[in-house]
Amino acid sequence: MSDHESTPIVTLIDAARHFGPVRALDGVSLIVTPGDCIGLVGHNGAGKSTLVNLINGGLAPSSGDIAFPAADSARQAGVRSVFQELSLCPNLTVAENLRISHVALKGPNWRRPARAEIVQSLDTIFPGHGIDANAEVDTLSIAERQMVEIAIGFSPRGSTARLVILDEPTSSLDAGISEQLLVHVRRFCTEGGAVIFISHMLGEVFEVASRIVVLKDGKVVAERPTDEFTRQGLVDAMGHVAADNGEAAEIAGEFGPEIVRTEQGLSARRGEIVGLSGLAGHGQAEALAQLYLSRSSSWHPDRSPGAVFVAGDRQRDGVLPLWSILRNISISALQQCAKRGLVDRAAETRISDTWKRRIGIRTDDMTNPILSLSGGNQQKVLFARALASSAPVVIMDDPMRGVDVGTKQDVYAMIRTEAAKGGTFLWYSTETEEVCQCDRVFVFRNGEISAELTGSEITEENILQASFEMQEAS
Amino acid sequence: MKPVTKPWLWSWLAAAAAFALILALTSGRGAGELAYAALSFGAFAAIVGLGQMLVITLGPGNVDLSIPATMTLAATLALKAMGSEPGTALLGLAIALGVGAGAGLANYALIFLLRLPPIIATLAASLIYQSLAIWSNRGLRIKPPTGLADFATGRFLGLPNVAWVALALAILVWVILERSIWGRWLLASGQNLRAARLAGVPVELVRATTYVSVATFAGLAGYLLASFSGGAALNMGAEYLLMSIAVVVIGGSSIAGGNSNVPGVWGAALFMFLVVSMLNSYGAGAGARNVLTGAIIIAIVIAASTRRTRA
Amino acid sequence: DTSGKRIALSNNYAGNSWRQAMLQSFEDTGKQAVADGAVAAADAYTTSENQATEQAAQIQNMILQGYDAIVLNAASPTALNGAVKEACDAGVTVVSFDGIVTEPCAWRIAVDFAAMGKEEVDYLATRLPDGGNLLEIRGLAGVFVDDEISKGIHEGVAEHSQFEIVGSVHGDWAQDVAQKAVAGILPSLPDIVGVVTQGGDGYGAAQAFKAADRPTPLIVLGNRQDELQWWADQRDANGYETLSLSIAPGVASLAFWVAQQVLEGAEVPKDLTVPFLKITQDTLDASLATTPEGSVANVSYSLEDAKQVIADAK
Amino acid sequence: MNFLARHRIILPVVSLAVLLAATFYMQPRAMSYFGLNLLFNLAVPIALATIAQMMIIMVNDIDLSLGTFVSLAACVTATFLNDTPMLGLLILVALILSYALLGAVIHALELPAIVVTLGMSFVWGGLALFILPSPGGSSPDWLRMLMTVKPPFAPMAVVAAIIIAAVTHLLIIRSGIGTVLRGVGGNARSVERAGWPVIRLKALAYGLAGLFGVLAGMALVGLATSADPNIALRYTLLSIAGVILGGGEFTGGKVSPTGAVIGALTLTLAASFLSFMRLSPDWQIGAQGAILILVLTARLIFSRKGAGA
């Protein structure tokens, strides 16, 4: 890789960014040259997204220097970003969204080249994607939107992309599509482009990166070529003591009575962890939302709710943006500790303090606004909200989106403990690794259950096999 | 919650400034008289404003444009039922509140069952309420029972009775918003309805009770106003349409929902009365009065918002 | 012979008791006329918001419906001219009253609003020769009638220099708004000897004076029953004396008959005037006796009255 | 997927067609050149005002001052533009620019548009009262001529509606800048990240609203021949209803100019339809509300069908 000896695309020297007292980025030096594929990892709130925003000019550094040796600005230098939270205009079509970031598209008939360009880009990165360039973005699934955004990031747009920053691009993609992306990133880098790849899925990082940069509390704590890291070494560098995850799934069969059964065939017993799997967008999220909505009412308040929901799409389904962290956690548990319809504020504070400790929310004051937290920490708040309630069934819609490895291990352990106490979990995940930890797995295809796996049947191969339509002679 | 952010302060400052400017003209004469009038008339704006605030808190697009028609209808039916007979005040009150609640239910039914945007549903419904009011009494002005009229125009401990009613209502709303679970639900629904639903909030119950509350408040305001001014008139609520929205936003509640501000509503209600009085006292014509009122409203909003971002 | 002719009323506002009484008058007259075979139809149409645009559309619809005459109480003296011209061009007779239009092809049954305003001050001058401070309560800003009455009042004050208008508020012709506006300005006003109004706001003003513990000045009243009742009560209690000036809502029936006369081919001058309704101390009891509770004092006009008004104008 | 985009326009078209058929049935006289013009000519200023409101709704704001603004524009047209055309033109341009400025201020200070426009409604109304304390003024002759012109084949009202719809469709839906403007409503942050000066885009959207507001005022004067300061107060709510009826949504930049024009026509026609029903005056006002509910309820049937498809 080091044979691409040329001028760097961007150099950061001791760049720092503070938000009031929060030192989101605390002096980072980094050089990105053509051909680099940098894997950027770090715990939730380590400062990864902040670093991205400094490089692409979205934020100005509080101190330090950011230079583009070959150009005047990030835009001229060919720096492109694909952001952590989806940032397309949902009311516009795929092609029109390209127009937003492609200022040079002009003339009365700009639609034709716009369509051609985005289709070309999608075809290159995600062969067989099946996305219509004339479709409005809000008719696409979250995975398709992510794909469009990545395609726009890599598309030429009148110049060439030289550095593409991908902030957790695979968090809502399933394994197959993620693999297509990784292939493209590798190809892009060999052809002389540069990529900064941010992900909490360390496997992907190892697969794609030529160099790994580890951020911890706003500082670079390690920067080495990929082959000099081991998986455990990386996790250690990120500063979390990971729990032993070699542990096999517990023996099934010692569960309570069945307490969930849907028409679709989804079922769960007391104390069981049920996984939902399959390719993204095949109806898992809908099945879970349906289940939750049928077990709760928008009319009758329920003192002891039958189910709670952990959202994966936190902007749309989870976060109450004007509130403090504390109020965000307590909302589902309010009725449990109410006196004559009034909120018991002492109990509320108690709950939030307990969960801050148990799940490790990174903040010094739980009355801070929720939006001051990093993406992953907001996700932890949603977890805390669900677990703080006494509901027997916890429904989780890809809840680990953007949660770092260390926390994931903690949450897995927590889920195990709660399940042992009799809690039931329904857990949809885009990561097969997570699904494999469940007691039972339902695989979805085209909105229907295509397989039910238990115990030793739960393997990556079986899940994949059930996910894809098999050509069976009949 | 945090002492630094007090957007309601601005409405009170503006009200105080208008008050001072009037007194500057009279060199201090008539202060008590003016304050008394401001409290009397501010009370009506405060009652409808509190209701409108609850609805606006429900989030973008939520607003009740049927307040004037509901006031008129409730007052018309209540006064017709009382027929100036002594001892019927409570019956009238029950009818006014009942009509209000019924209007609120109807509004909500249109919004929920027919999925109409609230702004259109309440507008359309208000035309129907207006027709009902015309049909039921053809604009005949029936006097309230004497006892009721005396109560509405009377005072207790030096303050107008209507102001006491509005004050009690304000405290009730404040407690509900700040302390009750229903208040939390309302604020959560206002920020993100879908997220609130998925967090276990009975959002439709919250929305329904909110629309019923605002209409009930409007019914109460109509009942008191008709008793105060000697009878119901078909156009009696007209000026409370813009007024109810204005007092909410001048009072510092976020129009984006999820955030409300009870003391601000009272400050803004007093301000809206005092600013017109001030401009009248200084002899401003209708044109100047409107331009200045508008300019002051915008100035308050700007002041309150820059204050908020700095804090 | 007009027995085959159809007449429509175009009204622009229904939100107060005067308008309701007016609609009632038209309906009563119209029904009777249809029953007697004088005309084929007499339909009333109203819009809600006092808006010229809506009323213009209403007039255009009447043209389409083929009415032979339109009796019109207009939201604006000029903004309907386009629609009125279209009606005339289509051969429809247009008779405007109360709120008249300036379009030359239409008939006008006008009330001299300016004279009405002036008469208020003239009356005050006879009662209060020493003069003093006056409070003016105006109607809805930007509306023709408000402007005219106010002009007359100011003319009167210019003539009787012993009076000075020290305060002026807009009561929007609504009781509660007037009461509120007066209550707001009173604290800053010196002693007031008289209140000049546009009718309908007198009772609210009296309430505001009472609430402020001020002596009740001489308030020129309108024709609402509650105003008249208040006047009678005050008179019985302390000999209060004043004057009521207004337009009778029955003018709609006059306009109806004038339209019928035009359709019949009678020669009718384009500009007619109708006297305003005046109630004095002497006629108070009689008026009060004939006014339904909560309504407004009214006079209804017959075909003969219409013929008389037409003859007077020639 | 294009089906969805297309079917958003079907509903307004169908409701207009149904209403028109019912009107023709009740009043066959309306089915003529002359009749159509009478039915629709007053819809022209409403359509322009609805387009103005749509520009604001497109960027996720709402304008509560539009009615008073159109009234003010009408007052200026009937006075200054008639008496001293140059000065009149200057004032109208200044009004448009002040709208653009308003948009910029709202964006820069992050003010809620609904509040600022509520305040501005007092300001515009006050200015209109200054210019015309009582009704009057008169329409410039060329404007009167333009609004009463009798084109061949189709009456002025129909031709004007088609032109307004076509021009704004090209401007907002087809053109590049229109796409970016809708993008601001969809996701202002991503537009900003792509390097667009959002403050200028907002100013542009508001400026366009001002332009169409002024055109609405002028068209109104051309039809009415004169102005008064309260002439168009209804337009605020009518225009909002028109945008929604035309398939627009309050948030997310989902608007349809063609739909908005059709929405305005439908609202106007609905009022006429009621007129032809000869209800008792007691219920005429309520019937307006009822028909508004009825027409909008059709939306529900369509969205159910759409979800089923």
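Per-chain numbering from 1; labels A, B, C and D assigned in written order.
We take it that contacts are C-beta pairs under 8 Å (C-beta built on N, C-alpha and C of every residue); 3 or more make two chains touch, one makes a residue touch a chain.
Quantities reported herein were computed from a predicted structural model and do not represent experimental measurements.
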Partner chains that chain A and chain C have in common: B, D
Third chains touching both chain C and chain B: D
Furthest chain, CA centroid comparison against chain C: A
Mean-CA-position distance for chain B and chain A (Å): 45
Distance between the centres, which are taken as Cα means, of chain D and chain C, whole angstrom: 34
Separation of chain B from chain D, taking each centre as the mean of its C-alpha atoms, in whole Å: 30
Residue numbers of chain A (touch at least two other chains): none
Numbers and ranges of chain D residues touching at least 2 other chains: 128-129, 133, 284-285, 288
Touching two or more other chains - residues of chain B: 127, 130, 134, 138, 254, 286-287
All touching chain pairs, where touch follows the definition stated at the start: A-B, A-D, B-C, B-D, C-D
Contacting residues of chain D [partner chain C, same complex]: 27, 29-30, 35, 38-39, 41-42, 45-46, 128-129, 132-138, 220, 223-235, 268, 271-272, 275-276, 278, 281, 284-285, 288
Residues on chain D engaged by chain A in the complex (per definition of touch): 1-2, 4-5, 174, 176, 179-180, 182-183, 185-187, 189-191, 193-196, 252-254
Interface residues, chain C side, partner chain B - complex: 14-17, 19-21, 24, 48, 138, 141-142, 167-170, 172, 174-177, 179-181, 183-189, 203-204, 207-208, 211-213, 224-226, 292-295
Complex contacts: residues of chain B adjacent to chain D: 60-61, 65, 110, 114-117, 119-121, 123-132, 134-135, 138, 242, 245-246, 249-250, 254-256, 285-295, 297-298, 301-302, 305-306, 309
Chain B residues within the chain A interface of the complex: 1, 179-182, 184, 187-188, 191-192, 194-205, 254, 258-259
